[in-house]
Every structure is written in C-alpha cells, then in structure tokens.
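Take a look at the structures below.
Note that subunit A is present in both complexes that follow, paired respectively with subunit B and with subunit C.
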Partner chain A sequence: MRLSKLERRSAIAGYAMLSPAMLVIALVTLFPIGYSVWMSMNTISSTFTGFQFQFSGFKNYGIVFHSSLFWQTLWFTTMYAAVTVVVELVLGLLVALALNQPIRGRGLAIAVMLVPWTLITVISAQMWGYIYNGIYGVLNYVLMSIHIINTPFLWLGTPTSATISMMMADIWKTTPFVTMILLAGLQLIPSELYEAAKIDGSSAWNSFWRITFPLLRPSLGLAALFRILQAFGLFDLPFVLTNGGPGTSTMSIAMLAYQAIFNNGSFGPGTAVAVVTVALVILLALGSLKALRTQVGEIDT
Partner chain B sequence: MKRTTTIALTALSAGVVLSAGLTPTFLTSTKQPAHVSAPAAARRASGVTTIVWAAGTISGNGLRQDMVNHFEKLHPTIHVKIVQEPSNTNTTRAQLVSEISGGATSPDVYMGDVIWPGQFGSLHLALPLSQHLSKSFFSRFAPGLVQGASYKGVVYGAPFFQDSGFLYYRKDLLAKAHLPVPRTWQQLMHDSLVLQHKHMVKYGFVWQGASYEGLTCDWMEYLTDAGGQVFNKAGKPVMNSPQAVKALTFMRSLITSGVTPKDVITMQEPQAMTAFNDGQAAFLRNWDYAWTNSQTKGQSKVIGKVGVVPLPTFAGHAGTGYATIGGWNLYVNPHSKHLAADLTFINWMTGVQGQTILATKASEIPTNAAVQRNPQIRKLNPVLSIVSKTHLIARPSQTPQYPAISLAIYSNINAALAGQVSVKQALQTANSQIAQAANKSGL
Partner chain C sequence: MRRRTPQIRKVVGYIVLVGMLLIIIAPFYWMVATSLKGNLSIGNFPPSLYPHHPTFYHYARAFTTYGFGVYFRNSVIVSVIATVVVIVLAALASYAIARLPIRGKAPIMVFLLAISTFPQVAVISPLFLIMQGLGWLNSYQALIIPYVAFNLPFAIWVMRTYFAGIPKELDEAARVDGAGVLTTVFRVIMPLATPGIFTGGIFTFVACWTEFFFALVFNSSQNFRTIPVGIALFSGQFTIPYGTIFAGSTVAVLPIVLLVLLFQKWVVSGLTAGAVKG
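Now for the complex of A and B:
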C-alpha cells in the first residue's frame, strides 16, 4: 500500500499524538510482563535487602509442567471459561434481542439489568456464599419450602455442584456485560435491511439468521474475547466462595499462582505459572482476533 | 461498515494488551515501593513514635486496644496503631509475604502463627530477635516455646499466647440426658447420637473441616491419637499408614452418621463457633478463645451452659487425646524504622503485666511462665488448668516447605471428608504430594 504525501504526513502526526498513550501502556503493561518473565527464569531468594536473582533458565517451567496441580487447575480454568462464556453469550443475546425492541420501560430494564455487573465480585461472592450455605442458606430454604428437596443440599460440598454453583454466580454477574455489547451491536444494524426483508416476505426467524446474526458476529466475537480473557484470570470468585475446595477441585490457575507466590513463597515457580497463563491468553486473543478478522472480511465481500 | 470494523479492531487490540497486563499485576506488587510514613516528621517533632501493630482479633472483645492503652500509659512516647489481620491465617500470611518481601516498613510488629518461623526465617520476613534481644529476655517464656519460635537456632518470634485444641461441651444437655462427659471419641459419637435422637440438639459435634490450615490442626489430633505420623524419624512421609486410615475413617464416620453436619467441610473456626454459640451443636472442637467467646453476651445463647475438657482419645487408650499446638508469636518486620519502640512493645506484651491481662480478660494461655503458674490466674481461666493435663502435638512446621506440605494434607483430607475420594485414595495422594512438597518442588 502506497501512501500519498498528505496521508504520510497525517500518519506521522497520528503516531506522534498516540505516543504518550503508548508509552504509558508500555510502562504499566509491557514492563510488568517482561519483569515477570525475567523472574520466572530465575531462582529467587528473599533477603533482608530485597530479592536475589540467580538465573536458572527454564528450571521453574520444568517444575510447573511436572506438577499435577498445574494441569488440574489449567483444565478447570479452561472448562470453566468455555462453559460460562457460551452460556453468557446465548443468554446475553436473548436479553439483548428483547431489549432492542421498542418496548415501554426499556431504560428502567437496562438499569436494573446492570446491577449485578456493577457489584464488586468479592461482595457478590460473599452474598452467593450465604445463598448456598448448607445450614442457613436461602437457596435450601426456598427449595425445601416448595418441596423440591427434603434435606438441605451442600451446594459447595462436591466438586461438580461447587463448580456449577460458581458458574451460576459468574453467569448472573457477567451476562449484563455481554448484553450491553450485543445491544450496541444490534443498534448499529440499519433498520432498512429489515424493512427490505419484510417486503420480500422474509419471516422473523429467517431475518434473524440472514441479517441479524451475520451482522452481529463482530460484536459476538468482541464479547467472547473480553469474556475469555476475564475468565482466564478467574480469581476472586473461587477465592471467596470455595477457597479452591473441596480439595483443590475449584482452584483456578490464578489461584495456583497466588498460592505458590504468597503462601509458599515460591516466587520463581509461581511467576512461571503466571507467565504460562499470560502466554496462553495472548495466543487465545490472537486466535480470536484472526477468526474475527476473516469473518469481517466475508461480510465486506 | 469498514469504518466501524477498524474502530472495533482498535478497541480489541487495546483490550488484549490491557487484559494481558492485568493477569500479572499481583506479581509486580511483590516489588511495590516501600510505604512512606508521611506524618512521621510531625510526630518526631512532638517526640512520639507511632508503630503499627498488625493483629488478628483476640477473643473479639476489644482486648487488643485494652492492652495497647495500658502500654501507652506506661510509655507515653510510643503510640501503637492496630491494623486488623484477617481471621484466616493463610490469608494473613499471604498479605504479610507480599508486603514485607516487597520491602514495606509497615506493619512494624505483627502477630503471626506459631508455624511460621521456618518459612519466615528462610524468606527473611521476620527480624532475627535473638540477635537484638539478650538471652535473659527469652528466659521468661514457658519451656519449649522459644524453640518453637526458632529456625536453625535463631529466634524469630516472641511467643505471645499459646493455643491448643479443646473439647467444649454443653453441660446442661449432658446432665439432662444423664450422660457422662465423653473421654473417648466413640463415647462422644454415642452421646451425640443419643442427644440428637431425643431432639435435644440439632447436631452432635462441630469442628473445622474446610480446606484450610485449621483442618491440618484437627487432623493432627486424630492422626497422632491413632498412632500415626506425617513423617517418620528418618523424615520420610508415612501418612498412608493403617493408623491414618483409622483416624480418617473415624472422621468420615462422624459425618456419615449425622453426628457432624455435612457442612463441616466448609466450616472454618467462625462457622463452627457460631453453630455452637447458637445452641445447634452439643460438642465443639476449638481453641482457647472459644471459652470467652461462648460466654460473651450478645454473641452466645449458651452462656453458663458450657464445659471444657481435653480432647477425647480412641477407645482402648488411657488418659486424654492429643491437642495440636497453635498460638501466636509477635514478629518484627525487618524493614521497620522504629526498632527500639518495637522491642519495648514486645517486651511489655510478653511481660507479666501484658500477659496477665491476656490470661484473665480472654481465655488465652499466657506464654509467660510466671503468669502461667500463678494460681490466682488459673482460677479465672478454666482452659489454663486443663492444658497441663493434655498431650500436645506440633505440626511438622520446622521447614520452609510447610505451607505446601499442609496444603497437601488439608486439601486431601477435605476431599475424603466430602466423600469425593475414598479414605485410602486420599491418604495415598496426600502422601505422594507431601513427598513432592518436601522435595522443594515449590508448587
């Protein structure tokens, strides 16, 4: 691609204006990541005067990849991310389609819907902890008073029910976020397309799959990407709700890094876990971006 | 269309960079800048030094402030600011590791678990007290405590109060049902079933079964009483022994028989305490403070109805069961800028006056030998007269790898209690993970 003189000049001006922001991003993002990578390749001892580094190459990574706990938390985090993101996308899309209709009280509905998203996770996790509590939890109370169960069920007591309970809390909190992105996407679709389809005799179902869904794909991809990135950093919800239990069955990969660094004082292996997570997240992000770009290309042609 | 796409993609890439940066932010916080005590100059001018004391709640009745007030009256040039520590010892440790390894100068003095000297000594998170205090300072403590606060011959903590496990019981219920106070675990189970069967109480026995350090403490008591060990004399992990199977099978049977509610696997100290204080359980395993806690107006419905005895033993054994040694030391932050004031504070807190307040206003066991022996104090503190009768057992914490060892213990015991894996499987996994942890794998 060749740029004209004018275009080149405006490009230079553009980069010049961007550079302060880029510098800040480099300082707060690239430096910590780089420093973590450096830490993960050292044997680190804590002394009275600070950390002492001794270069040890990939030794810490060897420890991480030989740890069964690492693979277990990686599997848990991946599975958790996949399930919650898919459910949130489907639910979020349904809600967004409903809210896109010119119904009365739409503003109020959007405001109410956003409440879970605005709550701090640590607080909403405490709240869910009380809801799920086996002795005085409100969920057991409700289910028992309408005779769905006879004895209290320990929601956070088995790996499967604890995982599902945690997913519920996550879906409750994050679906509004997905809804907002999709709603914005829906409002970008020109209404003339639907009018034309109607004149051609297209059914609502057909219009959804032929118009709404393809044009909404960029927004869906964007929402999915944001959610996958967040889900891989899963920490506060299990930390408050289950502390990784029962056993270590709900321990996320970020919790493992925390456990290794701050409870065990194993700074090297702990940062190695974190670096592996970052690498994974970047790969996933690039993958989604690429998928998104080809989709956008298809739409253009 | 084209335009919106470009905008969306720019937003995307910004999001990627930011999110990728979010993941490791807690790593860099290990290297956070030292806290600067801002108005320090102002205080120096007025001649008052302020030190920050991070401390967990002791018996929950304002005792800490009480002690600080006494101390400040005697030492008007030192002001002590209390900072609250979390109730979960693992969370407290994580906080202190991140602050102090990052070079923070605050807190100056902190209350820390008795099992920390190994790890905190090797990570240089605590000031080696024996290099700053004379030998005569340490002679005030009851035997064994100073050794417990040491790692490789260096003393890192000043013993503050001693803790051990006790059995608390509802004397009103036992009397009404004409039952003896249980001396064996089997008796406790039987008593509970009788009381529950008569609908006199909802649950029999509550304790700490959540996946955290507290479960390791409870486990050590059953394990040792059954004749088992975590490590043998040669330092090899031996937790998959028949004795361990006996101990864990019994703990699990407490739950399957309904004596202990299933919820126990999510119970830390506060939850077990609440169930007992609410009158929902006949028996409670808890530390010293539970005495005062269960006799405090406004938080307990069982005031005057509680008795305390040493923990039971397995049927066929003479004497009492085992009680895990817990308790808290006072540690000094090696980066503290007020060393003289810190040591003065520690000296008073572990001295006769401070320890007397601790032993009489709260049912804690003082570490100061003179206070511990005082018959008048013994009369006021029922826990104190029992502790000499009980067998004590220490956790295998004299190693920097202890946190990972304990994680291997409590996470697997918790899984077995939940019925998620068999008793044998849990012990086998625990044992191999303990071996891995002791081998310095670091994860």
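Now for the complex of A and C:
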C-alpha cells in the first residue's frame, strides 16, 4: 500500500517526536542494564588510573550464591514483599468497598489519602523511628496507657519486631494509594449490574465474587504489580529506620547490593546481586502483566 | 432486613472513613507537634501530647545553622527541571504514539511498561561509573538525567490515553486548513490534552521530590544533597536531633501536599484514566 504524501510526512514527524524520549530511555536505562550484566561477569578492581575489568565469567555469581547473606536478604525481601502486598491489597480493597458509596466526606477522604503517597519515604522512616523509639517513643506510651504492655518495648530491637514494625510503616504509607487505585476501579463498574443481580436474588457476598471481583481484576493486578516492584526495590525504609538491623535481619536485597558496591567497593559481586534482582522482578512482572494483557492489546486499535 | 442493609453499609462506611483519616493523620500530627516542642520535652517519657510551649526554635536552626535551605534549593532545581523536560518529551512521544501513523505502537508501549518495572539498583553501578567518568558526581545533571529517563515511561502511558481520547477529525480539520504537524500539535491538540499533561507532570514531580537512591549515590556531598538525602544523613553527635529533622520535614511536606491537593482532580484521573482504563 502506498502511503499518501501527507501520511508519509506525518509518519516522519511521528518518529522525530518519539525519538528524543526513546533515546534518553535507551541511554539511561537500557544501556546500563546491559552494562550491568557485563560488569557482573568481570572482576573489577579499583586502581590509580580507574577501574580495571577482567572477564571472569560467572565467578561473581558463584560468590553471591555461596553467600548466606545473599539468601538471607533475598528471603527477607520476598517475605516482606509478599506480606505487605497481600495486607495492602486486602486492606485497600476493604476500605475501597466501604467508601464506594455516596457518603459525606468522601472527597475529603480521597484528598487525605493522597498525602502519604506524596510523603518522602525517608521522612516517613524518621517519623516512625521516633514513634517506635524504645526510650521515649509514643507507641509505648499509648500501649502502656491502655495496658497492652507494662514496660516500654524496644520495637526495633529484635529481628521479628523490627520486621513487623517496618511492615507497619510501609502498610501505613502505601495502603491509601492502593485504595485509590481500587476505588477508581470500583467506580468503573456499572451499578446496573448490581441492581440486576439484586433482582435475581443474589446476596451481597455472591455479587462481590461474581461481579466486583472479576471486574476489578485489572485494577487489582495493576496495584499488585506496582507494589511488588516497589517492594523488591525496598531500600529507603530499612536504610533509615533500621539500617538493616538488628544485625542484618532487616537488610533488603537492594541494601545488600548498595553496601557491596559502595561500602566495600565490590563492584562485581554487588552488580551480580543487582542483576539477579532484575531477573526476579522481570519474572514477577510477567506474572502480574497477564492481568493487564487486554489493556496492551487495545492500543493498536 | 433487606431494607436495612444500605443503612448498615453507610454506618460501616463512616466508621472506616473516620478510622482511616485518624490513622493517616496521627503520625503527621506527631511530627508537627514534635517539631514545635523544646529540646527537653522531645526526649521526655511519658511524652506530652501537644507542645506546651510551642517554639519555632528548630525551624530557625534547621535553616540557619544546618543546611536545610541548600537541600531545598537542590530539590526544587532538580525536580522542576526534570519535570519540565519529562512533560515536553513525553507530550511529543505520546502524541506520536496516539495520533500519528507510525509502526510498532504496541511493542513500544510494552517496552515502556517493561522498562518502568526495572528497579533502580539494576543501573546503579554503570551509571555511577559513567557519572564518575564524566566528573558529574555531585552535580544537578547527575540527578536530572536519570529522573527524566525513569519517569518518561509512565508519563507517556498516562498522556497517550488523553491524546487518544481527542477526536481524530480535529487533526484532519487543522491540516485541511494548512497547518503543519507541529502547529496542529501545539495550537489544537495540546490545549485539549492539558489534564493529561498535568497528570503526568504531577506524578513525575512527586517521584523526583521523594527519590532517594540515586540522590544518595550520586549527590552525597553537603552542597548537592536533596531533601531526602539531607534528612537521611542528618544526625547529631550523641542523639538523633528529631526536633530539627521534623522541622525540616514539615517544611518539605507542605509545598507538595498543597500542590497535590490543588491538582487533586488530575491525580485521581491519572489513577483512573491513565492507569486503569488504558
């Protein structure tokens, strides 16, 4: 098919308009990812003249896979992601369902829900660090005044309580965002469907599983994808709130890569950790993407 | 029984609403209250639930003695420039994808989605070596360029939806009248897509304002720290100076909260239109 002159000119303009954005993305994300893979297969030493690369195949991966700290941080990050994402989705869905009706103050609620999303995670971490403080933290004060505990507790002092405390801070900050996505999804479901179901004598419980849940799947998939990816990049919160401690019990996989590269100067093994993380994230994203596939298919039409 | 159900639902709705608002606001209240307390009462147990003698001492300290003013300047410069660049590049790219006869639209969109899933740690060591090689560590471009690249995919996704929603006849009418592609874009279509452009811009700005990892690795010297790095690395000799930290934090939270509340409609529509409807 011959394109008209006008169409050809528009197509050329189109590529010209597209290329600056694609060039920046390729240079700053795609190229470095490839370079990361290359770096992870080299022994890298720092010398006076700069960094010396020496190809060493999968040696760095051997170092990483033999390190118990790697498996520990991988387990911690996976468990942390699983728990926080599930809790945030369930909690966010419940809140969204409760708010998806004409009640007064909903506009205000949506406005307030936006605020934690805009909060710098580092500030949130400092805030919770002060609240959890074992000596003068307000959480101990509140729990002691309602007699749940009798003596102040060092929330960030044991591995289990530090992990739970960090999860709570995450859930506090992110659930409102998940709620917003789900509430937006709920509002796209036509109310006629529920009315029809009601006339057919369907219970609220049945309507939820037959109408709400299937139609909300794209929103749930999107929220889950966002959150899983974010959780696997977990860095800011443990860096400030616990610094990975006590010991290394709350160290995330991104923190391990950061420490290996920038504290120990082990560029090779540190980059190998980063590459493994990327591979994992891609696998997880492909899983979540199934929920979005219809969306992508619609673009060309 | 049936008739009462909506009533019960409403009551539950109000309880959830009030409970959620309290849980969201309480930590913020505590942060602001602490920033107004004197040094002695910050470390008290039991803590006083409100500042008995409110003082702006910590605010003055944060901006005079400590470098919060510098952190602010850096954050504003980096976030504003990155956002403007993202808006321009994303508007051009998404217009082309939504409205011009180019090939491979679906692969491009999938590619963008895939790119936006990569964690920052994936690129950190090469980018660090590159920045070091160029002598760009501790500079504004060290943050602006990665921020632009990492925020473009989402901005393009959001804006494409808006451009796709504008009737095709408008372009044709403009071109029949003799307008070139760029004239059509800037005089006819862009004004109609303003909500999409705002949405992409706000999401980018929030992401830049809150970003920590790149800022920590590339710009850790005192003069180039952004607010998150400044607050994370801010520590006293013996105790954590919470008063000063929270004074600086409160000031850091205010502008962005105002911005987002002001443009609330567009943020919400970004979540609905851009993300969910596709």
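Convention: the second predicted complex is superposed on the first by the 263 of 301 C-alpha atoms of A that agree within 3 Å, B and C clash if a C-alpha of one lies under 4 Å from a C-alpha of the other, contacts with A are read in each partner's own complex, and residues count from 1 in each chain.
Quick note on the criterion: a residue touches a chain if its C-beta (ideal position, glycine included) is under 8 Å from a C-beta of that chain, and two chains touch if they have at least 3 such contacts.
The structure presented is a predicted model; accordingly, all values stated were derived computationally and were not measured.
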| field | Contacts of A:Glu7 with subunit B and subunit C, given as first, second, both or neither | value | second
| query | In the superposed arrangement, does subunit B or subunit C reach more residues of subunit A? | reply | C
| Which partner does A:Val281 reach: the first (subunit B), the second (subunit C), both, or neither? | both
| request: Using the touch definition from the top, say if A:Thr158 reaches subunit B (first), subunit C (second), both or neither. | output: first
| message | Quick check on the superposed pair: does A:Met17 touch subunit B, subunit C, both, or neither? Answer first, second, both or neither. | response | second
| said: Tell me the contact category for A:Thr248 with respect to subunit B and subunit C: first, second, both or neither. | reply: first
| said: Let me test your reading of the model: by the given contact rule, A:Met127 touches which partner, first (subunit B), second (subunit C), both or neither? | reply: second
| query | Does subunit B (first) or subunit C (second) touch A:Ala109, or do both, or does neither? | reply | second
| query | After superposition on the shared chain, which partner residues are touched by A:Ser266: those of subunit B (first), subunit C (second), both, or neither? | reply | first
| note | Residues on subunit A touched by both subunit B and subunit C 25, 28-30, 32-33, 35-36, 39, 50-51, 135, 188, 218, 222, 225, 229, 232-233, 254, 257-258, 261-262, 267, 270-271, 274-275, 277-278, 281-282, 285, 289, 292, 296, 299-300
| For the subunit C and subunit A complex, residues of the former touching the latter | 5-6, 9-10, 12-14, 16-17, 20-21, 23-25, 27-28, 30-31, 34, 42-47, 89-90, 92-93, 95-97, 100-102, 105-106, 108-110, 112-115, 117-130, 133, 145-146, 148-150, 152-153, 156, 175, 181-182, 185, 206, 209-210, 212-213, 216-217, 227-229, 231-232, 240, 242, 245-246, 249, 252-253, 256-257, 260-261, 264, 267-268, 271-272, 275-278
| Residues of subunit B that touch subunit A when the two form their complex | 1-2, 4-5, 8-9, 11-13, 15-28, 30-31, 90, 93-95, 97-98, 101, 103, 119, 122-125, 210-212, 261-263, 265-266, 275, 280, 334-335, 400-401, 403-404, 407, 411-412, 414-415, 418-421, 436, 441-443
| field | Contact footprint of subunit C on subunit A as seen in their complex | value | 3, 6-7, 9-11, 13-15, 17-18, 20-22, 24-25, 27-33, 35-36, 39, 50-51, 94-95, 98-99, 101, 103, 105-106, 108-131, 135-136, 138, 140-141, 145, 152, 172, 176, 180-181, 184-185, 187-188, 204, 218-219, 222, 225, 229, 232-233, 235-236, 239-240, 253-254, 257-258, 261-262, 267, 270-271, 274-275, 277-278, 281-282, 285, 289, 292, 294-300
| Residues of subunit A touching subunit B in the complex | 25, 28-30, 32-33, 35-36, 39, 45-48, 50-51, 60, 63-64, 66-67, 69-70, 133-135, 154, 156-159, 188, 218, 222, 225-226, 229-230, 232-233, 242-249, 254, 256-271, 273-275, 277-278, 281-282, 285-286, 289, 292-293, 296, 299-300
